[in-house]
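Same chain, two partners: chain A is paired with chain B first, then with chain C.
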Partner chain A sequence: MMEYTSEGVAMRSQSINNISLMQYIFIIHGTQVGIGILTLPRELTEIAGTDGWISILIGGAFSILVSILITSIMKKHPDKTLYDLLLIYFGSYLGTLVNFIVVLYGALATITVIFTTLFVINVWVLVETPTYLILAGYLIPLFIIGSNGIKALGRYSEITFYFSIWMPILLLFPLKDAHVLNLLPVVKEGWYPIISAVRTTFLSFLGFEMAFFFYPYLTCKQHATKGIIVANLLSLGMFLVITMVSYLFFSPKEITQYEWPTLTLLKVIEFSFLERFEIIYLSFYMYVLSTTWLPYTYVTILGSQAILKKGSHKKHLLIFIFLLLLISIFFQPSYLQIAKLAKTWGSAGYIMGYVFPVLLGFYIILHHFFKTRKSA
Partner chain B sequence: MNGRKWLIKNKNKALKEPVHEKAVSSISRDLQINEKELYSLFDEAPDLKVHHIKLNGETNAILTYLEGLTDKKTIQSNILKPLMTKMKSIDQLWSSNVIYSHIICTLSWTEIEAALLEGNCILFVNGEEKAIIIDSQGWPQRSVEEPHSETMLKANHEGFLETASQNIALIRRFLPNRELKIKQYKIGERAKTNIYLIYLRDVTNPIIIEELEQRINSFTVDTLLTTGELEQYIEDATFSPFPQSILTERPDATAMHILEGRVAIIVDRSPRVLITPVNFLTFFQTIDDYSLRWYLAIFVRLLRLLSFFIAVFLPALYIVVIAFHYEVLPMKLILSISESREHVPVSPFLEAILMESTLELLREAGIRLPSNIGQTVSIVGGIVIGQAAVQAGLVSNIMVIVVSLTAIASFIVPVFDMAYSIRLVRFPMMILGWMFGMVGIAMGFMIILAHLVTMESMGTSYGTPLSPMKYSDWKDSVIRSPLRNLKRRQSGPRPIQRNKK
Partner chain C sequence: MRQGIYKFVIVILIVVLTGCTDRIEIEDATLILSLGLDLDEKNNLVVYERSPIFRRGTHGKTDHTGVHAATVQRSYSNFEALISTSIYNGKTQLLFIGKRLLQRKEIFPFLDSLNRDPENATNLRVIAVDGPVSEVINMEPKDKPRLSIYIAQLVDTSALRHLTTKVTLRQFHYMIVEPGITPIISEIRKDQKELRILGNALLDKKGYYCTSLNLRETQLLELLRDTQRTPYEFTFPVRLPGNHSKNKKNISISIKPKKLKITTNYHNGVPQFDIDIKLVGNITERTFNMNLDKEANKRIIETIVEEEMNKQMATLIKKLQRYQVDPIGLGLYVRAYHYNEWKAIEKEWPKTFAKSTIRFTPHVEIKNIGVLH
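This part shows the complex of A and B:
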């Protein structure tokens, strides 16, 4: 018997720009696990001591809540990205203005992550290579992935996840010198520092806002909520493992001395045939980081295309790539500037990822309320 | 914009060039006129034989054929003998109870021309406005041999030949099933080449057939000489270093692929059969895997994947470790390496490029030479040059180890098109490693991955089952589980019938 079943239909749609649920999960998870990891243990310890892991749990809960909110907003218009949505709800002038801000946010995120990547490379691995040259190397895969649309991005994020599974596992290596006493007592200074540290975890969890842009391309939308929760949980687990390992390995005072405690953690890993393993680890971590800046680049291009309403996808991408190169030639950030960039992105992300969805949700509810009243 | 317009304009002009075609005249009743026409069509062709015979003792007739393309025995015993001895009346000719071969009546000279060139005999009879094409093909052929480029241990030892009909027969021997369908196309402006698409109708996705049909009809060539040319005309990504279809000489492997829902394309006169659509991992599978014990098969397949990484990244890794991150290695190892590199006058990058190029020189030389000299070359090249170069202090012995390892690893890949690509990709990787160190290798990895993930072959993704990830397909791609568990076909070629039967 021939099987002309639903498989046949799925086959036809394969060449259309769609992503599967797994790819959706891995895009969001990949975006979340970014540069935040490098500094998270230190930032948490500075505020909440070794109770930071509780803050991560709370932050994770928050991000899951917001993710569900975003998904339910997107469910109202399953074929539209945020850019179309804003035009619908705010009209063409105000909508375009907000769209422009979102594009700026995407560009800021891309620039922050890429330049942090380049900075870390310049400090840890390639001390003398000029930044723009390294950037040029990274722009090749950016062009390949970017010009092939969201399908390529989904596949890339997916395969990158599988290729990077070994990395968190290796981070457990320093646990052989773990001191459980470092963690005790739990909640040593009351709940206030823990609550106030939650905000620092927000930057790390940023990435779920990708649902605003990638939800329309998802093939099985009925699982969207489940998918985004899984992505958040995956990231939560990753952050927990890294913070826990640093708490157990370093003494609480020690962590705050390192700019990137996660990288310092790697220095401990050593084999009989390999020393200074962190060089290899870091180089490949830079590859994993690409799943953070690729989606943001995509968001930026999608937005600029939505605003200008002309030019092909590839053209926008090429212009963006050119601008990135130009910036890298004239702007060689110092550590302070990088930190400032990250902070700016943190606050922008706080607004974009947490405040904005809530406001938008309220607005949409009000909008529907008045609309139904008007028609009634 | 203007430039483009100008180009298009020129192109159109080229297309409109008048094509010189001979006025088509019909076959005359007069035998002499026909003979004259024949000689004017094939005026400088000494291999054209024209046989004057008398049918029934009274009617003049001509039997004509191209010597060498026809089988002499067939002509003598199946055509000439019955014509001379058994024929009683002219009418018997058309009802085909005289000639023992397959015959077709024809009225046009173009058909006659094509038939003659394909090795048929033509019989003109005086007083008739039609001619008979008699099947008598028989050109020089070699016998079935073991394919040299794809030797297998346990699979069979037959290889494809240069005649399409025989190749089809070889495939049919493996798949005696009426669902095995064959579509024929003729392409080539100057000389037609027969192309056959072979597939299982109830398994292969009709979209793929449609797509292939469209691509085959989309280009014009003088004539197709090899299957490799066809491959490049119908492939998806022209700029990719990776092959996008498999060329095989093995009928059993072809049958295996057809059973998976792929399409085999036979190009007449070429002993290689093109298989499409394929994905990246297909290049790392052989038919021998299925006759090995399953855990051995898993081991071999993983070994091949490992060899891919070794062949692509090892020389780059050498450059990176020696030139950039020597601190990665333990102290004692660094000392011994630096000792062997002490007298080497060139940088690690140049050293690696030189040695890898030497290897490629040896390989290329080995292909062209007869096999007995080829061995000498490999001995001279491999042992003498390698050993001597180290002793002379031109290269370090670590480099020689790296080069030989990459060479061996690249030869493990079963499809040699893929092996070529891998060897080529290694050079840009070396450059990236030389420029950016370990970061460069990660970058190269990213680029290869991004490329593999975005590429498509006939509308199917090249990266399956790795990305898009399909775990159920892993059973017969990354590993090979016991045969009893392989009940479903791979989803890569998108078969419409998933269950094997």
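This part shows the complex of A and C:
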């Protein structure tokens, strides 16, 4: 354990593993905006009708609260990741066990996002191309980014954000067919469906838990809280725009019939020289999706490094990516399995992102309480 | 050495991972530009397609066939048994539906494959054909550009003049699924040699044909639907008091809607709609003498136009209520402003629409009379 920690500190002190505040914001924002927004409008409408946008606001408030909590936990040990924290607080055996669960969570998130991406690409763009070929093409550039450390990841997330600013703007195009009346009346069925739909937004807001792992690498830690709030607000704005446009464009009965309402929105965009614009959009969206799973992959390999206490992160990444490719050859999920994966990740993320930080926070407060009493 | 291995791997991958497994050369593709659905005499589905041929020596030629098939998806296979190239349905511009089919069968299940397969274009125009679809599909007009493109443009420009409604497959899906509106599609007919826009066909909630609107009725309906604010051209007959000349008097006016306001009330369990519309008009034609410099005379003309519009609109609304179709989408207003009542009538909105009271009040203001007095 000592070995790992000293090596970890040494690794963190290198400049290639320092990230700026902007990079921190965009890593978290990038992780939040992912596969969730493809289905979010439908899932919200199924529960809350066209009042789902209120659920997003409430869900956003929750995620900001939890983010602040996570940041304040991390502030106690500014140069340790969650993996180090767990070992400190739970001891070597229990800590390693919990670390292992976190690694599994990171792997599950990576697998869910990657396989959903591949599934959507297979349905909309490359119908005949086998999944593993797409994956192989997808993984090579991302391995190069991943193997160059956390700074490269931060730069990649930031540049992907700038390059994808046009994407939500383009979604405003279908508004020429908008039916404003769809939104009225506000709070049509009372508050109960709106509150129950908040849980659906939790999956979309997942990504703030990256603070557990990337906070130690942040250079200006005094702005960490501000940064994570900005990241959450950016994602909140993105989700609101997409849900609102879907509500205005589709009939509330119609929206639940589309598997990916956000992509169906794009089918409306048509130029005289170009049809099926969603192909270009989706291909570009693969960048945005990669900023979702790449941080999760990082979580996985940081964890496996912490548990095994050996090997460079490059080696771990290579093995992990190889395993992913292997899985994709033998496992080609059906639409039901994709939905099940997303649901499993949703439940896991609910525990990891919302329940776990609160419990950990309580535990740390108690721990400090007893420790100070003992020393007194 | 290591660099060399990397480069080798990258080159190999670039060669292998080209992603061209399912590419199609344009010479080998049949791009279906128009698709037609109709019933034969024995009420079996017939699917027609029309596609341009891109091969040497076949300049400007088109391919048009019709096959019997149980469903649209099945028809693609049947086409492929006839055509030497492979079918590609992502570029379809037009979907013709025969009136016979609309009258006898529920149309929505037939369109499922078009909505489900993401390769299909969803911006294709849905058009009802008064008469057999085969006549339109098999037309070979010599003096016109490619038929599919020509009809698409015909529908688009007529829609700009409000003579028909351009309804894409996606909008058609919306109209069928949304409970507060009934579907409406353009209607065309093949006369001796020419194709003609007839106006709109009105369908009920299940997609069965109800009735048709002619060009003038379509204009009035579009005024209520308020989807695009291009000017409307109306010609109204004029009856002036104290004038018994035998010549018919008409006034043509180009109208631009300024503001449409629909208010909803519930009265004794019956919805009431007050449609208030502000219009700005330019006189484009006047076949009688009148000094329009006077404020009073301008007011007279405005009143004449208002009354005539009111009369024609009342007839149209009566017609819609008789057939129990609501292409205006007034149900959306009931949902938005009377949600509790709406939940009770949601499933049978067209019936409630037929019973509701609808008041139409136009306010016309003449801004411009042209360069003649």
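Heads up, the rule we're going with is that the second predicted complex is superposed on the first by the 360 of 376 C-alpha atoms of A that agree within 3 Å, B and C clash if a C-alpha of one lies under 4 Å from a C-alpha of the other, contacts with A are read in each partner's own complex, and residues count from 1 in each chain.
As a convention for this text, a residue touches a chain if its C-beta (ideal position, glycine included) is under 8 Å from a C-beta of that chain, and two chains touch if they have at least 3 such contacts.
Here the structure is a predicted model, which is why all the values come from computation and not from measurement.
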Legend entry - chain B versus chain C as contact partner of A:Pro78, first or second or both or neither: neither
Inset, instruction - Would you sort A:Lys253 into first (chain B), second (chain C), both or neither based on which partner it touches? - result: second
Inset, instruction - Give one of first, second, both or neither to describe whether A:Ile140 is in contact with chain B, with chain C, with both, or with none. - result: both
Inset, instruction - Return first, second, both or neither, reflecting whether A:Lys267 touches chain B, chain C, both chains, or no partner chain. - result: second
Inset, instruction - May I ask you to decide whether A:Asn148 touches chain B, chain C, both, or neither, giving the answer as first, second, both or neither? - result: first
Inset, instruction - Tell me which partner A:Ser283 touches in the superposition: chain B (first), chain C (second), both or neither. - result: first
Inset, instruction - Give the label of whichever partner, chain B or chain C, reaches more residues of chain A. - result: B
Inset, instruction - Answer with first, second, both or neither: which of chain B and chain C does A:Asn182 touch in the superposed model? - result: second
Inset, instruction - Give one of first, second, both or neither to describe whether A:Leu126 is in contact with chain B, with chain C, with both, or with none. - result: both
Legend entry - Intersection of chain A interface sets (partners chain B, chain C): 126, 129, 133-134, 137, 140, 275-276
Legend entry - Touch list for chain C against partner chain A, complex: 10, 13, 16-17, 19, 21-22, 90-91, 118-119, 121-123, 170-171, 173-174, 177-179, 329, 332-333, 335-337, 339
Inset, instruction - Within their complex, state which residues of chain A touch chain C. - result: 123-124, 126-129, 133-134, 136-137, 140, 177, 179, 181-182, 184-185, 188, 250-251, 253-254, 257, 263-264, 267-268, 270, 275-276, 278
Inset, instruction - Enumerate the contact residues on chain A facing chain B in the complex. - result: 2-4, 7-8, 11-12, 14-15, 20, 22-23, 121, 125-126, 129, 133-134, 137-138, 140-141, 144-145, 148, 152, 154-156, 158-160, 162-163, 272-277, 279-280, 282-284, 286-287, 290
Legend entry - Sites on chain B touched by chain A in the complex: 202, 205, 207, 324-325, 327-331, 333, 432, 435-443, 445-447, 449-451, 453-454, 456, 459-461, 463, 466-469, 494, 496-499
